[in-house]
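Below are structures written as structure tokens.
Each of the next two complexes has chain A plus one more chain, namely chain B in the first and chain C in the second.
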Partner chain A sequence: MNREEFLKGFQEQFEDTDESLITFQTKYKDLEEWSSMMALIIIAFIDENYSKSLSGDDFKNSTTIEELYQILIKNK
Partner chain B sequence: MTYYKLIKQQNLQINKFNITLRRVSFNDLELLRGWRNSDYVNKRMVFTEFITKEMQEKWFESINNDFNYYFIAEFNNESVGVINIKNINNNVGEGAIYLASDKFENTHIVARMVLCFNDYVFDELKLDLICSHVRRDNAKAISSTIGQGGIEDKEKSTPEYIYFKIKRENYINKTIKLRNILNKLK
Partner chain C sequence: MALFEVENVKIKGIAACLPSRVINTNDLELFSSKEAQLFIQNTGILKRHVSDGNVCASDLCFQAAENIIADLGWAKGDIDILIFVSQTSDYILPATSNLLQNRLGLTQDCFCLDISLGCSGYIYGLSLVSSLLQNNRFKKGLLLVGDTISTYTSKYDKSVYPLFGDAGTATAVEFDQLSDFKWLFDIGTDGSGSEAIKIKTGGARYRTNKNSFELESINLDDISIGKRSSVDLKLDGIDVFNFAIKKAPTSILNILKCASVSIEIVDYFFLHQANLFMNETIRKKIKVHKEKVPNSIQNFGNTNGASIPLTIVQAFNDLKATKDLRVIMCGFGVGLSWGSVFMDLEQSLITNMSTYHD
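And now, the complex of A and B:
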């Protein structure tokens, strides 16, 4: 899964948020749909596609989707 | 695997999704009072007066029965907050949650806590419906409640609060993906 595919997959996890609102620069925790349930769904998305378990610190240490992606590929 | 431990009703403990729910006992009252009187929790509550030790003990006497279940949630041996169902009547109860600290807000830990609790309410207490009041300005809580299968009852909503109903079937259908995730993750 390359960078663009990651973004596409991230967007697809949201049911009620327009894809155009979700870019690499998006502060994902500020999205109205972001909640504890979405955190869990994103953990599963990463686990399925990267075989990596995101930790609470990974979320805490990232603000934008780009930052989350960088954490992901750095530790892959 | 779910593990229900019932020594006495007051010592009920539930372990699921790496969350431990421990039923609130008399010994927890000062811990809860500290959380409840904190600015972080207090400003989110309908009742915002300072709670004295006597008030807290009187409250506990009123909820320490089979119509009300209050649990302290723990994750990795750390207290996360309180989750409860109250005023159970005709298999319907009113659910609520508050966190001990803002560091848990919108984290997967809260999702685990809610799913563990709701599973207990629907599977063990055999309730058909959980009702809840959510402030209209709390977008995250609204999203989370909808994520649990909550549907607004517009007749009972007010300008300040949305009245949600979570039916057992809606909850099960809406959270299949989430529970599959949790079963896989552990």
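And now, the complex of A and C:
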């Protein structure tokens, strides 16, 4: 999966957060718009575009978007 | 996957009964106005009918059953199956179906059984009642599916309390030799996911004791989402979501493949009502138009096993069917357990929606 496309897709899931605030270094759970529902929206985005899954533990074990991306490319 | 067919059966009527108390999401003290707005946007839930604590699932199912028996003009002596699907039974024992046999005035020859399933329970219940009926040894069956699951939720828990509503339903199923539509079921279970939706204490494994009701703080991503005790329902939204968006589309597509029909010939899809965003994700995965997937979660919340028949009753009240309908129903959740059925609903299906009265 393409890194830049992934980041762009990730940014697009947020309605009220400026995309400049969402980079690979962003601690996504610190974003004001982040919520448990946002986690589901991200899961659906990943499922639709990459046919991959993110578990609750994947969110627990990642802080930045880079870390989430690294988990994702290892996931089946 | 377990796929099987049942023939010579018809649903003649479906009734739903709701507690009179209504709670609007916007009125919840648990939420800030912004939280309420986000919750509504994502789950779709505007309001729920919630038991005041005195009304049980059996009461709601009893009224729904009386209504549909009267509407169909059925003689109670002809009803020889009563299946009660619920996870909020009146007592640990005896079985609630036994109490309902007496309360409804059904004969002592009636086959009565309780099934402990939630969101998938309507499909399992239909598979059992139709399998019993198809050999013509039984004539008429009542499938009662209902829960007052709100009574098992902590009103201080943001992740659970605002989601669940209460409802009871009654589905009247009959042997019908002339029916030429074979019902096709797909049924599955994954008990490895049992922790995702659970009430830990109160059964035989963990009996209630004086500490069972102590409220404990619960956190998600280090953010407090409220308090609950060990007798309250807990729900892991991410695990359930991952499960549902995989199993529900797979099960539906399995059935269509097995029936060798294209998805276009299905008139309606009735999905368990868990969360509007989840159901929209499922709908997009099976690639069907919005109008073919009626939702009722806006008005009732997640009513566990009752959500599919409740959605059908609401849909039949809204639309005036001009022909017999080919439908797929799909339930998925606690267990983890899931099931789908491809079947017909007659244009003449009788539906009844009521509010509970003592």
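Quick note on the criterion: the second predicted complex is superposed on the first by the 74 of 76 C-alpha atoms of A that agree within 3 Å, B and C clash if a C-alpha of one lies under 4 Å from a C-alpha of the other, contacts with A are read in each partner's own complex, and residues count from 1 in each chain.
Heads up, the rule we're going with is that contacts are C-beta pairs under 8 Å (C-beta built on N, C-alpha and C of every residue); 3 or more make two chains touch, one makes a residue touch a chain.
Quick caveat, the model's predicted, so the values are computed rather than measured.
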_Quick check for you: in the superposed arrangement, does A:61 touch first (chain B), second (chain C), both or neither?_
neither
*Could you tell me if A:43 is touching chain B, chain C, both of them or neither one (first, second, both, neither)?*
both
*asked:* Once chain A of both complexes is superposed, is A:53 in touch with chain B (first), chain C (second), both, or neither?
replied: both
_Touched partner set for A:70, first chain B, second chain C, both or neither_ = neither
*Between chain B (first) and chain C (second), which, if any, makes contact with A:23: first, second, both or neither?*
neither
*asked:* Quick check for you: in the superposed arrangement, does A:32 touch first (chain B), second (chain C), both or neither?
replied: first
*Determine where on chain A the residues touched by chain B overlap those touched by chain C, and list them.*
29, 34-37, 39-41, 43-44, 47, 53, 56, 59
*Any idea which chain B residues touch chain A in the complex?*
105-112, 114, 139-141, 143-144, 147-148, 177-178, 181-182, 184-185
*asked:* Show me the residue ranges of chain C that touch chain A in the complex, using the header's touch definition.
replied: 38-39, 42-43, 159, 220-221, 225, 236-239, 241-242, 245-246, 275, 277-278, 281, 284-285
*Where on chain A is chain C touching in the complex?*
29, 34-37, 39-41, 43-44, 47-48, 53-56, 59-60
*Show which residues of chain A lie in contact with chain B when the two form their complex.*
29, 32-41, 43-44, 47, 53, 56, 59
